[in-house]
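Step one of this worksheet: look at the structure below.
Labels A, B, C and D are assigned to the chains in the order they are written; within every chain, residues are numbered from 1.
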């Protein structure tokens, strides 16, 4: 029995808590979260033995084998380090942190504790569609990659919540907040590093984002160190749903992953035309991937190995996102050196 | 210069008139139609030298080489015969007629006048999608055919007009009025004859059709003489548009022609989901096919040959449609002998 | 902890065994299967305490709460009855049985033991796509149903195995073996009973099926007691994969479930054109549905309730399938009275 | 009767010749082309009265009303000017020219002769899919445009011919040769001008292009003067066909034009999966658009008006393409000032 404590019970924390609670030979032993009332409700519903309003208290619990960190991004590095001090395995939501130096220092700690599993929440790598594409690419079925295009656009239905959320705690900006997933996908599928970027963006659809110093839609064009061009679109106002799409153009063929964000296999013929209903958010789109990544985390602990995703992937993603943000702000090409 | 007179200026007659008028080395020499005011308008717009309110007068015009008959179905056989008497080539809209004996007699006349071209308006055979499928089938790319399914469903937007129209002149019923196109497609693609049918139908979506003794949606299952099963759906109330679809299941593969009635190559992502706009009626869906069939008619005249579509195809289609109607009325299997 | 024994370790039995073994608060306590060597392998891999070569011995095991029966169809009714005698809850794969009288008698026993859960393996009802369509229909979003069409076509890659299997133990024929799933879907989505059928079929693609008295492809047209027409296609030789599709035409709209049997959300652009990879069999297509149906079975036990699927659904499906087989053999309309 | 001479009988010249020859009230009066044997063949097949091996001789023909120039790009400006001197209307294939100063001078001549029609061959503007999208955009159905992405990728089957062709006469490079179509689409759909670009490219799939100083695939990211970001992919080696696609992301919705380059409405289900056959080149994809643009040219002559496409559109396209080429060569952002 692997015993896990979940820190943070926002949308993602709750998903992890439920997935852990449903997993065989795994126990959701503790939760920590600011809202005591909500904790009680969750503890009761998911049968959680211990409940805390303070992360540091939770990791004192000697029963715990591991923590799953889904707190605001600014807290990640400190919580990772604290968990290692207690001898815990760590699953941490992306990003590792918001500041490059801080992340580098944390990676040192992670490396020193390499008898403990460290796992980073890039769940798209566990999605069966992305896995299928990755395998085709690695098998050479589309030849060498020339171009990769990746879209991550949130549905407009979530905009109000985002603004509320962003007022409380800065998201880090579109490129850091949302872009790291697509940047990771680009690095992972191409096996290459981004060396130069040019980013653009506007607030046309949601001028109210100006107040929170955010943009509504952004693009970044990337040069990779193997000659691949990457093109990234990030947004917060898709009227049709949660649009996560990746295209890979190779010398022998092309792949599109989720070219249309189909909710399921149903097609509706009605007064609007021929309609494919769409996925409405990450909990729905990546439901299975979230289960698989936590299962992999637990299996890593059991099998005493590290996952494929490394802390360095988190650092690289953040470095590229920061370069994009800088490029956007200064309207210029930004080179990245590692 | 081939000189043609068009009889009947309903939706289809007008399409033929315009197509003839736009064709090189062809002249729309005359029109005949009951509504004199409309005739004037059309004659002016399309530059037509002669205009009649009476078919028999039109075919007296010595300049004419050919007629294109797009009048109500009940008039077809008489008009075909009259045209042959005047030594004209004949293009006739489907069906040849409504009564089997009458059609047979007309076919005799057609056969006697085989120095004149007789062409029947099964325009689907000229559609590039159907042509592409036909070629694949004939090349053996899907093996031997086991099952064929064909849908012909009119958009609900046309229902009111149909009821008005049906009150004036009986359509012959769903199977005769609409089914002959799909029956022809089934016979053409399978190279086989229908020998047994079972038909069903209802008026759920349009109870008002009871008044005109029509049904809104009907199905027919067919046994063909080469062991193929055919399945037919006909309707008048598709909310999404004009749904003409044919599927062919072969021993080595399947084909679907217009599985969704896409209007064009545009996909719309909006609050309804991922939407393909749809075709809204036959003038739009078969625009190009109507041009090609008239062009083939003219080429047959020029090259002194007969088209692939024979009058017998019209008879067979009508016989099967009548059997379907009978099967529906008596709720029983109906065999067809030729 | 609910303790379950799985009888039969064919493809489906193994799926159930694995799903039970992965479920929290549930134990795969026993397996029974003829092949002792295979049993050992499975017992070791899935950590199963007890292993039997004999069903009757297994159900003597006093630790068991329930059995999951996935043995050849001819054994089902006896094994159901035996399980109830031991006071066990029963999950049984479709069909309940092959003989109507035998099934009726078994249903009596099931009814007498209604303090025990009886669950039948119509997994399509648990598939999220079918669930989504069912909900739209029940919400009236497509109006009243006029036509339902359902395809169940196995991939040709499985044909050899099927022939081997059919030589050992009769499948009951295409309509009984495969059709019951589609018949259940038709009954479930329309809330109606089939009252008249006409079936057709051939062996064009697989003449070798003659040897085992089977057909390769079959169709059945059905009249339902609410005026709906059903059309069924069953087959064993789809070259493109596992084609399970259902279409529902309503008075206000149409739905298609899995119009193309997409394997995932990846589109491939290569020398063959624009390609959607396809699902290759039921374990892949209904992976999630199999988990959900067993979970529902376990929840029924825990919550002391019966599932939505009733034994009567199994009887009705078998009755319709038998009528189809008879219609096919006698080439005539067959009425069904209940 | 409008009498037109066609200059150049390459693939495009031939298309124009045939379309003119089929158009009512229009005559293909002359052709000029280097290959005398081929001219004879075409003249006979299309019934052309006059045939020349020299453009300047052709335009001496006093019967001509207009010329259609489809010669190598380097000849365009001289031929346009010569035609105006003879008082002819001019249809010219894109690009107007290869050198900006030369084009500007030519535009002056065009402006001086504004009693004569000047039409430029941006046929995509006449494609019904592009027209449909343009109308939706102009109606505000997708709000304000944020991002536009346009792909123009030739099928690999044409690569050998291209290399042969490029050895004889320089294409001007990928951005000028192919890019001007997509650049025009971007300018047209957004009603904006490109002000800054960053281009990338490689020869991975076709290293043999190095010999002719060409690249196989290229991208360009563009900043437009209304805040729109454009992303362009151009290529010569698509294995699946002729991929011309445009996406427009607006504040209220998205459009994709030809997201997959479907050849027709047929779907094939075979051993490769679910396959949509693809368009294999511009003559097929834009067949109808080529007819419509020449028809518009002729109508402009008849109605004494100028087409929507202006010579300035040609200049702008060339300026942007040249900026892309420069950005690619110098690997830097390039600003464009007008």
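In this text, a contact is a pair of C-beta atoms (placed from the backbone, for glycine too) under 8 Å apart; a residue touches a chain by one contact, two chains touch by 3 or more.
From a predicted model like this one, the values you see are computed outputs, not experimental measurements.
Undergrad: Greatest Cα-centroid separation from subunit A: which chain?
TA: That would be chain B.
Undergrad: Would you say A-D or C-D is joined by more C-beta pairs in contact?
TA: A-D
Undergrad: When the C-alpha atoms of subunit A and subunit D are each averaged to a single point, how far apart are the two points in Å?
TA: 43
Undergrad: Distance from the CA centroid of subunit C to that of subunit D, rounded to the nearest Å?
TA: 56
Undergrad: Give me the residues of subunit D that touch two or more other chains.
TA: 238-240, 252-254, 259, 262-263, 267-271, 277
Undergrad: Can you name the residues of subunit A that touch subunit C in the complex?
TA: Its residues touching subunit C are 22-24, 128-129, 132-133, 136, 141-142, 252-259, 262-271, 277.
Undergrad: Looking at the complex, which residues from subunit C come into contact with subunit B?
TA: My answer: residues 143-144, 146-147, 149, 198, 200, 202, 204-205, 217, 219, 221, 223, 227, 229, 231, 233, 235, 237-240, 249, 251-254, 259, 332-333.
Undergrad: Looking at the complex, which residues from subunit D come into contact with subunit C?
TA: For subunit D paired with subunit C, touching residues are 238-241, 243, 260-263, 267-278.
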